[in-house]
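Below is one structure, written out as structure tokens; the observations come after it.
Going by the order they are written in, the chains are A, B, C and D; count residues from 1 in each one.
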Amino acid sequence: MSKIDVAIIGASGYTGGELMRLLINHPNVNIKYVTSRKNKGEDVSNLHPNLEDVDLKFSNPNPEDIDADVVFSALPHGASMKLVPQYLENGSRVIDLSGDFRFSNIEDYEKWYNIKHIHPEIEAVFGSPEINREKIRDATLIANPGCFVTGAILSSLPIVENELVDRIILDSKSGVSGAGVNPTASSHYPTCADNIKPYSITNHRHTPEIREQLRNFGSGNVKVSFTPHLVPVIRGILTTNHSFLLKDDVSVDDIYNLYAEYYKDEPFVQVLKDNKIPLLASVRGSNNCQIGGISLDDEDQLVVISAIDNLVKGASGQAIQNMNIMFNFDETAGLKNVGLYP
Amino acid sequence: MSKIDVAIIGASGYTGGELMRLLINHPNVNIKYVTSRKNKGEDVSNLHPNLEDVDLKFSNPNPEDIDADVVFSALPHGASMKLVPQYLENGSRVIDLSGDFRFSNIEDYEKWYNIKHIHPEIEAVFGSPEINREKIRDATLIANPGCFVTGAILSSLPIVENELVDRIILDSKSGVSGAGVNPTASSHYPTCADNIKPYSITNHRHTPEIREQLRNFGSGNVKVSFTPHLVPVIRGILTTNHSFLLKDDVSVDDIYNLYAEYYKDEPFVQVLKDNKIPLLASVRGSNNCQIGGISLDDEDQLVVISAIDNLVKGASGQAIQNMNIMFNFDETAGLKNVGLYP
Amino acid sequence: MSKIDVAIIGASGYTGGELMRLLINHPNVNIKYVTSRKNKGEDVSNLHPNLEDVDLKFSNPNPEDIDADVVFSALPHGASMKLVPQYLENGSRVIDLSGDFRFSNIEDYEKWYNIKHIHPEIEAVFGSPEINREKIRDATLIANPGCFVTGAILSSLPIVENELVDRIILDSKSGVSGAGVNPTASSHYPTCADNIKPYSITNHRHTPEIREQLRNFGSGNVKVSFTPHLVPVIRGILTTNHSFLLKDDVSVDDIYNLYAEYYKDEPFVQVLKDNKIPLLASVRGSNNCQIGGISLDDEDQLVVISAIDNLVKGASGQAIQNMNIMFNFDETAGLKNVGLYP
Amino acid sequence: MSKIDVAIIGASGYTGGELMRLLINHPNVNIKYVTSRKNKGEDVSNLHPNLEDVDLKFSNPNPEDIDADVVFSALPHGASMKLVPQYLENGSRVIDLSGDFRFSNIEDYEKWYNIKHIHPEIEAVFGSPEINREKIRDATLIANPGCFVTGAILSSLPIVENELVDRIILDSKSGVSGAGVNPTASSHYPTCADNIKPYSITNHRHTPEIREQLRNFGSGNVKVSFTPHLVPVIRGILTTNHSFLLKDDVSVDDIYNLYAEYYKDEPFVQVLKDNKIPLLASVRGSNNCQIGGISLDDEDQLVVISAIDNLVKGASGQAIQNMNIMFNFDETAGLKNVGLYP
């Protein structure tokens, strides 16, 4: 079987490293470009020491010279929107891991990202296979979801679509790799370790992204609040989804069965047998989203837990899943590895 | 100045160790007994290696022979209620760190702890200085609050008393020392580290304790949900307190000022200057409760964060604070050390 | 291509879990039995939550009924020697992950393991592919090396074989998963985290195993000391190999080149380009052994660093590598995944 | 009792923070200046969130205007030597925490620090109380030892002075706070956590400092090699001291007794009862150095373990101990807190 040519733009960061880690063993892919302006000419193992045996060097080609079937853009927001149009013009299909093309309402983007969008005319498919699988199949541009967004919407969809709740509080706990490869005060080991840091308590820019996606379902006006916390974990996002059940005659078992049925054909959403509680350790390094621990208290509070690896299902793994759908590969190709537990 | 004699019953565990760590430098205290049935005759440093220079051995006297001004009972629930009556009869004042005497409603205790209470007639003062300082002064028996309870009620009191909210969701993150000194599957390093584990998602036994305390304030019927998470942290409980503001004309600043005013005379509650966000690392080893990060979103969701060290303000430090109040010592005696940061 | 039938005996522990994690994606293998006396009938995901989608249940067949091409015995030492003879009699080839068959000198075994060996007559091939690849090919019984032993001998072989040193000090740092799946005081999170624990400082039972292997090379009487440390890491063994160079005219570059040449055909030993320093994070989850950081000071001290994942190259991965050699599979089959970094 | 005035120069970093944490409760000290060029005018709690209740602001006075009994210089090397002469001229006694005045041989300094010394004429007392207590008493300038140096020399002195060994290998494991408050690639949580990083394998600049101090004892020419490792720990240095016993008739007990006797009057060196193994967790936050785990194998290898908190006995605590000696205070004043375990 012939392989498709892949370009990874901005391959020096963690999502770029993950794309290489996973694509190197993908049966249908040839990694043709891994770009980095700053690290041009260096072995990828200089930055990604797990890739010691991988024979790839960073390059820095002109955007118009990139000749690839699919381009993964792992550039930061703002930078991505400048280059994506060129890749599309080159005839590549593009999967953008930044926030630049995730919003259908450009004002939301400009408000929350505090930046002018220079290509509001370009439309993308929001790359959540569980929501948009058919649209992804034919898309030329995929906006890969934000890491928090993936765990948030997968934990919410069944109850929102079925109008069982009208307000959701997402209390999310994220590993530090979510902050990226560049050292900052908030990723400094002595202050991250043995600590928990809430941040962007009611104003994280993934909030409007979650709201937009969930309001395509059910009543269309579910309220959503979102509070992220930095936890001393390398990878992973655990989302504790709190809501209030609107109906009296619905049991925990009903809700569990609703989730199990909703996701029964999804290759990467695991509604856990026996409603077990998801753990970050169970999904570490894998593309799975675990859902479980569904509970209801005597004051109608409903809790649903989801767990993902922020760099895999929350970023690079989901991007590859989208690629697999776009090119009619086995949807799990390159993504079969199970979580690294312990 | 003469010193009071102190007994620490069940001194082999973490709360017993913390009592020693702090009392060893308390100017008004003589540690007379540190008991452990299993470790009788051993140096305390065998179990608490930080106490290498402390010249104390575990003993196992008969309960009726304990002659002390104050007895700290660090026994597990169920065991404590069997012995506390004897200590009281001996003429000691007692500070009980277990859950045995925390409930005014004995049915609640028996339901949530799933055990028959053998001394329902004994009344205790709930040992929260911020709520009950005057009653503590004259108490003979103090029921020291649960670790989660302390962070939960301190983050809630001002808004509950002022009826600004009618439902609170407490999403708490606890260090592993909260599970005690005995190794179990849930405290096993390979599965705790780099992981987050929600547990007792809607049925933790601290839930009714929080509810009872908070319903003494405001409308008396605030709804309270509580979900604890085990995080890869040694010490500390960070509580993210989510609620929904009932009044339109209240700003974040108003709420911040309300907290600052409410706790302005409290020696161990720090409403952080500039509404900074509390961190577990800031209170590590200290008796402080930090409150801050107060935020309000455009859908009326209010968030308040509190941070304590579960073994200090959440247990042994608060017990010593109670002792200081009971014996008219400086309330901060033995508790002046600031947090160990980083 | 037809697949071989595999049995994993004692599959409830970490090495059993790793065998499943890796074999599930092995192209030439059918997992026929995963045994556990205690967990008979349970889904493997009850103990290994990363294996949620793996459709295997623990069973507990009679040893004489195990009909498999290869049996991995992940039983503890002492237990393994009782059952291995039966598996051999059944006609299976056996890879034993315990210490029971690692010593050619049975007195050494009995002294260091403090147990009587009941089958001293059974001979095994020591399962280090880098030492014994050809013998492994035809072996019926493989004694898979101890976790510390693998990192120790790979960091030592070139300088011992070439008699550049006559004494080696191995200062090893091991992740906590090396202590197994059962919770103990030494694996308790509150005391493992943010701590380092030296243990078995000069009397760890891997010492004689390392000595036996290394004394098959060079002068045959290299002195070897070994001190392990428990570090707050889930997986991995980093070995700092200290020795004293006996020859004056040998440079660091010479030694680096010696290692690079020695291992140039080994699929899983990576002598790092540019003599980079190995990291546990680079090999996490992979079967690689990284070697590098080779340094020499002005007092003739030589340092060599090696890093492995204790559960993979230090146990289950190396066992699979041995199986691949025994059955003439691609030596890297099932072991192609690169390290999980970060 | 009147208090002395203290200045802390460069108080924004971790050693400055620790000086404040400890001095705030020192009975004989008034903190008069805490300086920071960059943070002038800010509350110290902005950088040291554990100091929320401490009413101190950073200032930036002219060096000639600093009027204090003692000046702690917590500036980086290079910067410190420029200012220390002025503080001495002002009439202050100075305790310098940098490396600038630690070497008696200025060529060593200039070689290992790769910088020209601008005040080679200024002499300091090396601030190790266990070596130089009497000289410290009258010193005007103290060169506070390097963090690794303290654990290294305390673990070595008795065997070097008694010429029991002629070569020592120091394999040290350091917490990440040793790298300081500024985020760098090597302190980035995602790569520090769950990892071990050897660095400066044979060329760390603490090597010559250790050699100079130890060669004042015994034969005067003990060989010393030193390899540091970064471990996922916030605070602490554990040193594994490997050597080879030169005498046949010396037992482990003899060596243990030698250490116990050598340090019996030292307030902060704990040769552990029963030769227990030191742990970082036992000294966390305290000024203690624990020594123990002394072991001897059948090939004459001797191992001694020491543990300190790098920010306390390894820096700020030892500086305060030096101040206590200089001003005839109780040597333990301000340093009585025991380790934070767990």
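To be clear about the criterion, a contact is a pair of C-beta atoms (placed from the backbone, for glycine too) under 8 Å apart; a residue touches a chain by one contact, two chains touch by 3 or more.
To keep track of the chains, here are their UniProt names: A, B, C, D = N-acetyl-gamma-glutamyl-phosphate reductase.
All values derive from a computational prediction rather than experimental measurement.
Placing every chain at the mean of its C-alpha atoms, the farthest one from subunit C is found to be B.
Between the chain pairs B-D and A-D, more C-beta pairs are in contact across B-D. Centre-to-centre, using mean CA coordinates, subunit C is 39 Å away from subunit D. In this assembly, the C-alpha centroid of subunit B lies 35 Å from the C-alpha centroid of subunit D.
With each centre defined as the average position of its C-alpha atoms, the distance from subunit A to subunit D rounds to 45 Å. Among the residues of subunit B, those touching two or more other chains are numbered 14, 175, 177, 190, 193-194, 232, 234-235, 279, 281, 284, 341-342. Within the complex formed with subunit D, the subunit B residues making contact are 14, 17, 21, 24-25, 43, 45, 48-54, 177, 193-194, 234-235, 270, 272-273, 276, 279, 281-286, 288, 290, 336-342. The touching residues of subunit D, counted against subunit C in their complex, run 167, 169, 171, 173, 175, 190-191, 194-199, 201-203, 207, 223-225, 227, 229, 231-236, 238, 240, 242, 244, 277, 279-281, 284, 293, 295-297, 299, 301, 303, 305, 307, 341-342.
Of all residues in subunit B, those touching subunit C in their complex are 14, 175-177, 181, 183-185, 187-190, 192-194, 232, 234.
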